[in-house]
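Residue numbering begins at 1 within each chain, and the chains themselves are lettered A, B, C, D, E and F in the order written.
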């Protein structure tokens, strides 16, 4: 077998190792080993590449040595808390490297006509550039080199749009006869670099992890694009893998923050909308899966059971969900409103039957003062007992009754079948609050599904 | 040829989507960082670009790319390993 | 403001209107509290505990009545006692004003404001003062415990080396507050529980406690806006009894709680049905004070008929006097809290209020309750 | 073969040695069965039910005794009755032979084979005849029901509009068969349950029922090969009482079941501990018949001391006579089945047998039981 | 874009549709749609292929029309019960088609030297031939054209080995100079056809579904190999997909039968071993996943709880597992031995607490007579009460005590932490019975894990 | 070229392993049958072989292959659909 074949077979092995690595990284038990597997794959790929005939290794080795030392030092010396920004920097370098690879290829080959190669070059350069500067801004925000808050300026939208269209237009012209437009090539690169900055700067520091994750997906795509430029399989495969899994991970992270990706990316723009037509505001419902991500990331959870839990006979699954949350590290309490259910002590009977320890049962007086610190309040088939109208609206028939103020929790998930009112027949403004999410369905079914999500992930 | 590369690209994307489905929140950052290290695979391209030595300029570009990509790869793996090492002990799962 | 709590005079009454914890709470509002010595004797809570909580002890109820702005009681005071009260005083207790028109008049004449705890509307915001509910719930629990103590077998199913002990079958008729609690308690003890009620919405509630709901087709049955059941026609009652006979014959324990607001309780369980029951079975009638659901039951007594024990005991909540007093005292405090303006330090009887307007019987020398004025 | 079952003479005894279902079973084996009229009177099971099952009714026990090959009883027959039996007859009942040496002699003299149900070894294969277990289990249940009926509060925690009712705290001392059943029953009713026992292996069993196990460090405590607890030294008992005092003062209901095979029950709860308990608390002593675990308790009575009700009632299983008779009858039938060779149609008393050898007291005119011969 | 590129892009689309199709086919909700998606992919692939320039369509269309009519008629007219054998026939035809494609390619190209093409040709022919005759035998067995029982003949093993080695040897010689050895090529094909028959004929009819599944995986591999012969992507991708997923499915089916693949394939050989050294026989433990497959396929399940369930407080998860099994269509009972646990009624208390309806509780007398019809008996922390020594060994301290005869169930899964004896201190021969599988671990943990498996699959 | 095909093969195998993980038992047969239909993709090869018309012999082989592969494909999909259609109604899941 010739050298070329050996190299390619090694590449295949490396790609397979990357697959295993990513898979293993997504489960706590195997994560660390997964990282080593993937690192070993990378080693194989690099060694195989060095086997290419006719490579002048001197400079390469120098660059690698320097890079390796820098990388190790940076990774080792950085403080635990500063790791995310470190990842941003690394990621930016990866994007920059892809850009440089494509540039150098373009510089040498100077393609005359449109074709896949120049298209790939343009894609690599644009994506790589955005990744590079975007990551650097993310780094700066996290490291507080620049303010973490969203930085807004007038007509941001417009400026970005103009820049984007310009870049696109120039690219098209460039692609017509690539070799002839070296200047345009550099101009596009410049615009992309600026775009990277402008796109990230209006995003708040708290959202940076999601942004980095997205940029990570981009840098994978950049690598894949670079693979098309130099016609290299392993770049394409690995880059595509990272590009795809990065997007999935971004989605997962958004869900854990109870945000949409669009909201993260463009949240800084525009004023916050506020409905003013009474309760007829916006009802935001969420899927079981989204609720899972919310709960999975929560450190403190309060369950508020009501008559719906009893009607659905969901007490056993609720307790099970509570146990799963606890073993996931969350603090779990059950807040029982004295009038919940249809007889005094209704919830007590059911939760005792389901073996919820008395110690986890708390009363509204205990919970309301600390409600702001609760990550997620899960209302399970309760309604009147969590109706904020009883607190806020003197005209309400419930006015004056103490409630469990779940609307003050960071997020409130309400599990019930519809928007129908409860026993008292009074509409509930809770369902329209900005931090409320409705999870429609029969309490037992929905909570079972949540339990299933947790078990699946274990 | 190009078509075949595209085939490979599509399959790999598909595989990427399938590979991860549910990730506990404490693994979000390590997974991001670990897959970021993989995206440093561009080092392969960088080595080739730098090694062919066609022009001084491309060698400079190439070596710079090698340098940056190496940082990405090496730093990425090391930092991921460090993060995961933390969980082993102080982590909230036993 | 002065609050006086006399001890109960009825020999059947074991409850006290308040416990020391309520005294403590009202003291915080700045009230002066007098209790008659021996108030908690049968709970049992010693006088000393009330004193510690800040109540003043008096041994002659006469003084207490004379000076008090507010009087708390479990059972309503009698005419002589009313005569002792100062005009404008407020008296809060169970009352049953429909059956005691004379007493209503005495209150009016003495210009004492009387609040009947039975008349508190059953709406969500009034739940914390709803003494009927709080006592009924305890009664439901006690009914099951009594049956368990009296019956000749154990409630839960047990598969033992010496054979399987069948679970006791409990039938609950009327699944209101008391009925539901009875269901829950019997279920806890492992009985097989079935329940029946005329109101169809109760089915879901019964099932929510893991019991079976028995359906009898009676045609149209309504409930009043307050959630009480409407009275059945004689024909409907008849149809109900027919169907009931079969259910009863399977039951080891039969608990009836069916009541219709303001009327005699419906007669549901006839002699004939009782005859169909197995010797050793137990029947507990919670409606005995308003006439009873069971034929031949004698209020205040336990009688055996053909081997079936009929429990017509009165005042079931009084058998768990500590908790009964605790919830009743809380109901009273909540009622007072509703009337008392803590800022200005005075009572306000607002007859337009959706709660006050419904439960005040007499005020300012007049019978003001709409229900009494009508009838 | 002829089986005779006389009615119980002890006025405290409500149980019958068999129920109709056992008569039916033994009939199937081909036995002739006579019962004294009124056997099930207090269960209650009418004579007619026994007759339907195939028993012959007699009204003079004399005849029954004279002709029977086997006699079943709950409590042992007295000397006069023994004298009536035919030599070679088999008498199976509770006996307590250690305290009645005279009676043992009468049986020996009458050449009647006596089996003591207390002496059945507690091994897995003998479980179906283990009457001590089957009755103890019912006693544990009854103890809790009695306490629930007598106490002034409700067992389960309830969060109600009128405040939270605290769950009753139950402390069970001695978690053998009766203790475990008491734990299970109290837990079912929603109480907070704690338990204590000297045998360490009980901890897991207590936890398996969802209760808390209290640990007291007493040093070395063993158990006999039969699973009974060994007697404690006086010093160990003292240490135990110290620790116990604290636990008792928190308890609303205290149930003691500690026994030591063949000896007086250990005194665990002293006057001092009782004084620390809250007025209104209940103490149920299941060991009262073998001397009691509680100081000052009076066998067969309910006494109040400083507001604490001490229940020293005897024969708790007799309060659920139907089920108690059912399991006891099954135990007797199983015992008979063990001795009776259905093929050959005769009884075989094999003193080498691991069960028979341990529970036969007298046989062939001799006291044959190893435990009795020793002491 | 030229014709070629369009075709290839269509192939990519088809491959993606196949991926989706297979994925959707593995979930009940989407299965039917998944089949349509995959069929649409096939349509695309066929149409794209017909676009190749220079194809003589006449014969092709004739062949296709005839094949389509035959296929539809066969698939429509076959009786429900005969579907599996129909699938076997179809599968065999697929294998044969791959064989023919490779043959025709070889016939034309007549390669002179060893290379990937001749290797691929040999692989296609051998795999295709085995698939073809193997499938036909599977068909014949299922259709009872030949006896369904394992057909054994002396030295079966040896004959197969000799044939296999011969085929291998001939293939090697053939590969040295493929064009020169047409005869050898045909000979190898013949041997492969015979091998297909010999491999399947000793396998019992009841195991045929697994065999068909395995042959299906082979026909996928044959298609992939044919793809290498004619250098066609879509064949390679689709064939590999089917090859891989077929193997996974085969594994799953084996587990549901509580068999290993080796046992299925070679079970007919050799005498059944029987240990005779008392209980010290072979303990077969199984994994939670394997237990899941067993339970998933069971139509009747009996739970036998014992003290271990109480000690582990596993009653709630046990009830949950019971519910899941019921909704999976199984009949579920809980058989309570009167002395199970440590007090009379111990199991009753716990199961009542967990809300198991009284109706599902049965006694040993009810279950023992029908034990032979029970698919799986699950013993949860019980020991003495299921000890067959009490029935079989007069010397045992437990002799004479009635037990729950779980050893007579089709399969018995015993959940406990070790082989330690129970309360009575008596060893338990149940653990060494051939149809017993030990599932070691804490009852609560193990049953939870089983529940998780079920929820994951839902 | 060959290497690239191998790459594609490996990725597809990997994807095949990932695609199905847990299959309820009543879907075992339909899944088998459905993926069997996919393995009829060899029809593509058969068409090419038959269509090129190089020699009579290869045309015969090719057309036979087309015929057989078509049966596999068409019959496979139809029979799978029939099986799945049964579940919809009489099946034990609603």
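A few remarks follow.
Just so it is clear, a contact is a pair of C-beta atoms (placed from the backbone, for glycine too) under 8 Å apart; a residue touches a chain by one contact, two chains touch by 3 or more.
Given the structure is predicted, the values throughout are model-derived calculations rather than measurements.
Among the remaining chains, those touching chain C and also chain F are A, E. Minimum number of contact steps separating chain A from chain D: 1. Between the chain pairs B-F and A-B, more C-beta pairs are in contact across A-B.
Interface residue usage between chain A and chain E, two copies of one sequence, is largely shared: over half of the residue numbers at the contact are used by both copies. Distances between chain centres, each the mean of the C-alpha atoms, put D farthest from chain A. Rounded to whole angstrom units, the spacing between the C-alpha centres of chain C and chain E is 65.
One simple way to say how far apart two chains are is to compare their mean CA positions; for chain E and chain F this gives 18 Å. Here the spacing of chain B and chain D, counted between their Cα centres, is 75 Å.
Centre-to-centre separation of chain A and chain C, using mean CA positions: 57 Å. For chain C, the set of residues touching two or more other chains reads 127-128, 133-134, 137, 156, 158, 160-163, 165, 188, 190, 210. In chain F, 1, 4-5, 7-8, 10-12, 14-15, 19 are the positions where the chain touches two or more neighbouring chains simultaneously.
Chain contacts: chain A has residues 15, 19, 233, 237, 313, 338-339, 344-345, 349, 352-353, 355, 456 touching two or more partner chains. You'll find the chains touch as A-B, A-C, A-D, A-E, A-F, B-E, B-F, C-D, C-E, D-E, E-F. The residues of chain C lying in touch with chain A in their complex are 123-125, 127-128, 133-134, 137, 177, 180-181, 184, 187-188, 204-205, 207-210. By the touch criterion given at the top, residues 3-4, 6-7, 10-11, 14 of chain B touch chain E in their complex. Against chain D, in their complex, chain E makes its touches with residues 307, 310-311, 313, 338-339, 341-346, 349-350, 352-353, 384, 390, 397-401, 423-424. If you check the complex, the residues on chain E that touch chain C are 336-339, 344-345, 347-349, 352, 355, 358, 361, 363. Remark: chain E residues 15, 18-19, 21-23, 25-28, 31-32, 34-36, 38-39, 41-42, 45-46, 49-50, 52, 54-57, 59-60, 62-64, 66-68, 70-72, 74-76, 78, 80, 83-84, 86-87, 89-91, 93-94, 96-98, 100-101, 103-105, 107-108, 116, 209, 212-213, 216, 219-220, 222-224, 226-249, 252-253, 256, 293, 296-297, 328-329, 453, 456-457 touch chain F in the complex.
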